[in-house]
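For clarity, chains are labelled A, B and C in written order, and residue numbers in each chain start from 1.
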Amino acid sequence: MDTLVKGDKLRKYFQVGPKSLLHAVDDVDVDIPRGTTLGVVGESGCGKSTLARVVLGLIPKTGGKLYFDGRDLDTLNKKEKAEYRRQMQIIFQDPYSSLDPRMSVYESIAEPLDMNHIFSKKAEKLDYIMELMERVGLAERFVNAYPHEMDGGRRQRVCIARALALNPKFIVCDEPVSALDVSIQAQILNLLMDMQDSMGLTYMFITHDMSVVKHISTEIMVMYLGQCVERAPSKELFENPLHPYTQALLSAVPKPVINRMSNTEILRGEVSNPINPPVGCRFAPRCKHCTAECTQKNFELVDQGSRHSVACRLFDQA
Amino acid sequence: MNKTTGSANGVKVVRKKKSRFREIWGRFKKNKSAIVGLVLFSIVLLMVIFADVLAPYSATIEPNIPVRLQGPSAEHIMGTDSFGRDIFARLVHGSRNSLLVGIGAVFIGMVIGGTLGAVSGYYGGKIDNIIVRITDMIMCIPMMLLVLTLVAALGSSLMNVLLAMMISNIPGYTRVVRSAVLTVVDQDYIEAAHSCGTPNRWVIFKHIIPNAIGPIIVQTTMSIGSMILNAAAISFLGMGIQPPTPEWGAMLNEARNFMIQCPYMVFFPGAAIGITALGLNLMGDGLRDALDPKLKD
Amino acid sequence: MNNTGTEQAILEVRGLHTIYQTDDGVVKAVNGVDFSINERETVGLVGETGAGKTTLALSIMRLLPERTGRIPEGEIIYKGENLLKADKEYMRRIRGANISMIFQDPMNALNPIMSVGDQILESLVIHNEEKRSGEELNKRVDELLELVGISAGRKHEYPHQFSGGMKQRIVIAIALACNPKLIIADEPTTALDVTIQAQVLALINDLQQKLGTSMIMITHDLGIVGKTCDKVAIMYAGEIIEFGTAEDVFNGEKHHPYTVGLFGAIPSLTSEAKRLKPIDGLMPDPTALPEGCKFHPRCPHCTEECKTGEPYLYQKGEAYIKCNLFREEK
């Protein structure tokens, strides 16, 4: 499988004070083969949304290299960059705020087309927009509707149609279903998977919901405080989670079975401060396997075979 | 843009995209008070356009002492002033000057101030800081003082008064638009627009200004009336519009001394200012609501 | 429904209807809800957005928006007294002291300019019926903070100094301050991360066992229900369409088609299904609810019978399902 999106030691720091750097994304490698989905999971503040924006070039990165289709994006000139940007799109979490309330469905979907001067004839543009709406399962009568006249699921369909308008190769989905009810959520997840099958799309799927990420991803990356702590193919990760954080995360998910708090392992403490983090494993303060060594050196991702790698003292053969 | 296609179940559906303007007009015309506002303002506008047809300009400046201070009659339907000039003629011709000053100062102030506010709120950082500090400085100077200084320096004329009032209008708009923009700029749809390659100026004009339009319209319609009165105050101080040029504010000033004997002298110019301001207010509110698709049509 | 055994129903809701009168028409938010909750019991109210869960909770608390919310029909009986007939002053004393509420978003539920200790104290002072001294009340504040796992030394700190999970613990402490008999928790962990959610749920479970409080847990997450509830009520379009013990609803044989759909739509952590099975269609518009069974436009088993008249009420012990599918098994 050839790689479509590749990030090398991507890094994004935010200056939050004279001497305080917020390490939002810290040396994260990304590697997404064409036509697959990379799931990125983690809790709020782990840097997953920042990572998405860095990959898309919506915010400048502090360090690292980014390749799209084999080209280093830093070496491109402005025109080439615009060309590449067309091939990468994003779907946001909140379909209530990601559509301009003053724009009808038609205008929202037409915006990317207009901005890139795709159609000169209005009739052709209308036909194309109708085709997009049909593809995402929106009835024609919604063409003049405004966002506030639609429910969350339909709005998210508009966002998807809009993202598909420029025929992208790569779409970042930033928690696209977490604002939706379960029955609608399932509709949207099915739609995203159908689009992938029919158009060969590549996704980076960001979510905090373990069951959603398992369902949609080919490979999964678990993030904690700006770092990737574990990465494995979806099935492997769920059958054999290695990092203590991944294990805790999996057992914390409430499953729809009767389970009065019996076998759940409850993680103590809370996510520590991402400003000027100290050396050592960032999960150490909450980890039950923590030793002195954990707080003295950094741990890199180490390959454990079958594309499974983990950054933890327990699996650090070096 | 209409196209008929057969849909899956065989029923013919008309594909149609409504035009923006017709949609807004459709909502506007359902609002009764907005239509009243539009009618009132249209009357004033017609008066501006057909002033010369309604009354000769000469009647507004030439004194005619024998008929001074006469109440409304068939010959002078609004009566005459202290120099015997026909109040109706002065009112009709004065509308040009008053509206020019009132609306001109407000609209130019809105365009400049609004743009500055949008740029300031959208880009933030240093640009924002500089713009906010400068507008703060202008806001510190009382408007009258600013106008008097400018008119004294540049000479007393209608254009200079207009310029001075425009400058004093800018900071208010900058403030209003900036804060409106700040509430919009964090929204995801702005980021979504960037991600499909929309350039900054387009983002400002297509997404940010339309979503921030409510407070801008309110500020505009509210200030036109007071601008007309301010222009009058400036005339009263001997700057700006010089007698005998007709102007509503100046007419009110002249009538001041005769308020008790001849109330009609105050009533007609006052009513003209009131009707203009009322019409603009009603129209502005209607327009604000019509521009917002969230309100039911 | 009938109470079983010796357990005493602490709250009974009978035939409750709640409407909102808005400019767009009458929104029928709750349409004939019956359920009861016994002492030391947790009932889960499950449903999607717009199912009427929160409205039901606000109706019980009599906290509906005054200008629009109306309760045209029904009874809410708390300890033998119909709360819908009670006067405002009586209700004020009931709220907080006897029935208290935990809200979804801990960020908005706390006053940012009051120290957390003072906020807990406030509730104690308002309901200080035994005329306890200030010292005693302060001691109670310390006790409550320790109870929810926050050291009493932090009581002088302000809400912004606490994380989301900690804030929710404080909200719980406030809710528990006057030893209420019933707590209504409205999506108490939706705004929290999963690991923090697990901590808070464990705390709630633990406290409930220790203090013997009854609880109504409002949630959209069946996983949370499985972890905390004894009985479950599935709500759809303002009605409870299925009610039973957790065992009935999770592992029973007969289910309402909506319940089946709800379980089917959740991506599973354990199985390997490639496609999810969403429920077709959308929630009905509460200003124009469909005739007959409210679920019939989305139901795969819909028959002509379902389109008119009330659906059949299938009862088995305390459990019930409102669906015509089970009519023939009378």
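Note that a residue touches a chain if its C-beta (ideal position, glycine included) is under 8 Å from a C-beta of that chain, and two chains touch if they have at least 3 such contacts.
Note that the structure is predicted; figures quoted are calculated from it, not measured.
Compared with chain A, the chain whose C-alpha mean position is the greatest distance off is B. With centres taken as mean CA coordinates, the chain nearest to the overall protein centre is A. Distance from the chain A centre to the chain C centre is 33 Å, each centre being the mean of its Cα atoms. Chain A and chain B have CA centres that are 48 Å apart.
Averaging Cα coordinates per chain places chain B and chain C 53 Å apart. Interface residues of chain C facing chain A in the complex, by the touch rule stated above, are 48-49, 163, 165-166, 193-199, 201-202, 205, 220-228, 246-247, 250-251, 261-270, 272, 274-279, 282-283. Residues of chain A that touch chain C in their complex: 43-44, 151-153, 181-187, 189-190, 193, 208, 210-212, 214-216, 235, 238, 248-261, 264, 266-268, 270-271. Within the complex formed with chain A, the residues of chain B that make contact are 1, 3, 7, 13, 15-18, 23, 187-189, 191-199, 202, 206-207, 210-211, 291-294.
Residues 56, 58, 82, 85-86, 88-90, 92-94, 97-104, 106, 111-112, 115-116, 122-123, 126-127, 130, 140-141, 143-144, 146, 148, 159, 162, 165-166 of chain A are the ones touching chain B in the complex.
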